[in-house]
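The two complexes that follow have subunit A in common; it is paired with subunit B in the first and with subunit C in the second.
And then the complex of A and B:
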């Protein structure tokens, strides 16, 4: 039993990270129509930055710095590559973000080298033992950090003027423009937020799995599958999709470790065949809800 | 042959003539250029042409972004290598490779083509990870992540095709064949129904085009062609590993199709030439480290998509139209009818 509990715990931790990635992807897709294949590379770049600067800075300022850099990365990428391409089709935008992902992968290879890098947990406290399962402190931080990030993002979307503008743009882009919401500003802010979310995911994940220049691809695919599982529509769906994907992967890792990737991705495809609208009923088909 | 179909036939014949010129050039090249290095570059270009045509047909004609191209090439390469190593006739192995890749495409297509177009792109991309995972883990059959060595090579009777020259002719024979296939699809009633599906699924369905079936057929065709490319690659290199069929291959093939122009086979030829030159001549001359490749090709993809979504061939065509419409206006002092039809074609 404790073995299952152990995998449940690691599934929840994985799911928290994937939720953050798929939240960034879904947010960008709903508000700007960009399906961001580079989201995983944002996570990878932030994670590597976190690991590299870890020895030079205390934790809290480092986290803030990495998040700020993540927002900056998202915003810069938007200015350079997404804004000039707003008029293109979804498929063309996908190709652009694949190009971006490869550029970031290449830059990471040149900057950080080809080795996977590791770093210590946020704190050196001893792990907890719950009902025979071990919960490391970093696992707790991953889950807590993801929850805080998600809650802050959702609250900001709900309560702030800017958040309302983003939601309005997601509901009806033309109408929001008529009401004075600048579509340029929306894309810019959204990609910045996506970059920030990716930076949080990267910092949380780096001490658990380590990070290498190749990590971005895996994360992008898993985040995209999670987002699709959530219906690519509502943010709630994105969170459910991420969590489900994490749990599926944890149990695939448990049952057949060598084929876990194939089994998880295959299961998601089958789930989609059965429920094309995603997991959360109706949200994928419903227009406008964020 | 009435007035309506004549321009279509003329356009098809013009393209076939062009391809014939390319074929003659390719056949004659080894007589003029004897050095091994140049021929090797052309073999590489031929490999890209075959694999990229798989993407070009699917994306250019049907609008399906088949990001799983490297996975299909991997299925082809490994089917060929495994069967060939077990003593199957290599030609039969090539056929099996094509069929296996087509089968994988058919299964995935039946499952995910019902979903939204972008879901399809994501699922196809996932196939790259799945292929890498299965090849690396299934060590009994595939020799795992280290790769397979000693892949057998094709021969014609007693003539081994493993030499540089033999591989060159083999590769380009298939490249020309695949380009011809793409061209014939493009210029047939069937191909026009595919283009119609790309431009509007609703409208083409209203005209009786079986939309799902067209998409599935193009996807399967795309997988089969990529599988053929993979098998030929395996014949050429004789050492295959999952690394060769990762995202790098997807990046290069996408650059070939996007930079050249996805609507015609000429784009594939231009793109393959550009990528091979850049990868093997220009980049090594400018940069000391090969690691710059990802940045350069990724950057090219972004810039090309923003500045020239129709590719080099599209740009040339626009320039020609602009020039000819100016000439026409000067001569007849009225908006010419001829160029406007050309415009329609380029948007078709």
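And then the complex of A and C:
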């Protein structure tokens, strides 16, 4: 029994991180219609920055700095890569985000080197033992941190003027323009928020798995799968998709570790065959919705 | 007509002389081919190996060369690829006329090069010899010789060394669990560990496998915890080994009953996991940390000579095991030529195959006609058991006090 509880804990921790990545992808998709393949690279760069500065700064200021840098990264990427290409097709914008991911990968290699880097947990407290399973402090921080980030993001979208503007633009961009909402501002803010969410994910994940210049691609693929699994375009779906993906991955690692990636992605494909619209009905999950 | 015939006869006479190329043993120089990976996936290790060859070359020539002749290394890049390694062996032998080939430095290119060495009948000594049937068994290469033991021998020697230590400390384990990465050499190490466990009557309670790119090993370590072994043996490369260690830490499992039979550079591993490795035992060659080899260790003199030779060329720098391996290949060739009394390929090949208990900077070597690489016993005798104390490594080998 304790073994299965341990896998559940592992799955929830992984799922929390994937939910953050998937939420960033979904936010960008809702406002731009583009799947951002660079989201995983945002997480990777943030994680490596966190690790690099860990010994030089106290934890809270470091987290705030990394989040601020993440927001800045998302905003800069929007200005120099997405905004100038706004008139292009969605397919072209996707290619641009793939190129961005590669550029960030190369820059990370130059800046941080080719070795995976590691850092200690946020606090050096002993793990909790619950019903035969063990919950490390970092696992708790990952889950709590992800929950807080998601709740704050959803509340901001719901209760702030800016959040309402973003939602309006996502629902009907032409009408929102007529109401004075600037589409440029919407994209700028959305990608900034996506960068911030990625920074939180990277900082939470870095002490658990380490981070290397190659980590971005893996995270991007898993985040995209999670977003589609949850129902592409649905914010709630991003969360459900991320959590489900994390649990599936933990199950696969337990069952057949050598083929865990194939099994996880295979199960996701199977779920989508059974329910093509995703776990919640997303706005853009239908084939041919373009 | 007469002129044409004369010209033709002259051409026929001159052609063989032109086609000869240079001999590897011209006058005062002995030419030796050296294949390293200067580019491609193996470049970082290749860089270390190249330094070992540089140290060897200076050491050989400072001591008067081989058989009184100056040594010249013809160094080429195999780009970490089998096909290029094959081409380079041919070039070195057919165009440069080398007397022997050292390298390549990658396991797969080394196996590929060995088959060419057989067809060209030229001695080849490579550092990595853990892959394929080239180095041992019924398909063993006739002309290629390796410096590294097979993966199985390494694993076998690792657990055997640990059991010696455990017996000396009154803590012989009755059971072990094995955790192994599924890619590359670690599965072979794990297989050797299993063999050693069976030979010693130690139960293997569980074996947990994982792929190289795994991000979370808590499921596997949870299974290990459920099995409750006396010792956990880990065989992995650096990144997944770090993940395994972090999983142990997250699950609050002890580290002082962990034996690492892994392919890792100890300093890189400790940089990544820090105190989480406290109490762990590591199997390491003397060449992994030459400064810490005890004076009575069998290879102490060879390691000291190697370190001195290396620091003559690279002052203040500590050599890696890869540099020690490549350095040893050069010294082995020197000694084989000396034993053979010439650079005749057949004589050198026979002299190499006769090595029995040969002591080099990297390993002890005893070849047999069907095994052209060190045995498990050779590897065990070439190694030390270290324990990480939290601040450094302590040699705890039962036989090196």
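Quick note on the criterion: the second predicted complex is superposed on the first by the 280 of 290 C-alpha atoms of A that agree within 3 Å, B and C clash if a C-alpha of one lies under 4 Å from a C-alpha of the other, contacts with A are read in each partner's own complex, and residues count from 1 in each chain.
By definition in this document, a contact is a pair of C-beta atoms (placed from the backbone, for glycine too) under 8 Å apart; a residue touches a chain by one contact, two chains touch by 3 or more.
These numbers come from a predicted model, not from an experiment.
Student: First (subunit B), second (subunit C), both or neither: which does A:105 touch?
Tutor: first
Student: Does the superposition put A:218 against subunit B (first), subunit C (second), both, or neither?
Tutor: After superposition on chain A, A:218 lies in contact with both partners, subunit B and subunit C.
Student: May I ask you to decide whether A:96 touches subunit B, subunit C, both, or neither, giving the answer as first, second, both or neither?
Tutor: Only subunit B is touched by A:96; subunit C is not.
Student: Check whether A:261 is in contact with subunit B, with subunit C, with both or with neither, and answer first, second, both or neither.
Tutor: A:261 sits against subunit B and subunit C alike.
Student: Does subunit B (first) or subunit C (second) touch A:161, or do both, or does neither?
Tutor: neither
Student: Looking at A:81, would you say it contacts subunit B, subunit C, both, or neither? Reply first, second, both or neither.
Tutor: A:81 sits against subunit B, while subunit C stays out of touch.
Student: Name the contact category of A:209: first (subunit B only), second (subunit C only), both, or neither.
Tutor: second
Student: Decide which partner touches more residues of subunit A, taking subunit B and subunit C as the two options.
Tutor: Comparing touch counts on subunit A for subunit B and subunit C gives B.
Student: By the touch definition above, which subunit A residues appear in both interfaces, subunit B in one complex and subunit C in the other?
Tutor: In the superposed arrangement, which is not itself an observed complex, subunit A uses residues 218, 258-261 for both subunit B and subunit C.
Student: In the complex, go through subunit A and note every residue touching subunit B.
Tutor: Against subunit B, subunit A makes touches at 35, 37, 80-81, 84-85, 88, 90-92, 94-96, 98-107, 109-110, 114, 217-218, 221, 224-225, 228, 232, 258-262, 265-266, 268-270, 272-273, 276.
Student: Mind listing the subunit B positions that touch subunit A in their complex?
Tutor: Touch list, subunit B to subunit A: 59, 63, 65, 67, 108, 111-112, 114-119, 121-123, 125-126, 129-130, 132-134, 137, 247, 250-251, 254, 258, 289, 291-302, 305-306, 309.
Student: Where on subunit C is subunit A touching in the complex?
Tutor: 182, 208-211, 213-220, 222-223, 226, 239, 242-243, 246, 249-252, 268, 272-274
Student: Could you please specify the touching residues of subunit A with respect to subunit C in the complex?
Tutor: That would be residues 2-3, 6-7, 9-10, 13-14, 115-118, 120, 126-127, 129, 134, 136, 138-139, 208-210, 212, 218, 249-250, 253-254, 257-261 of subunit A.
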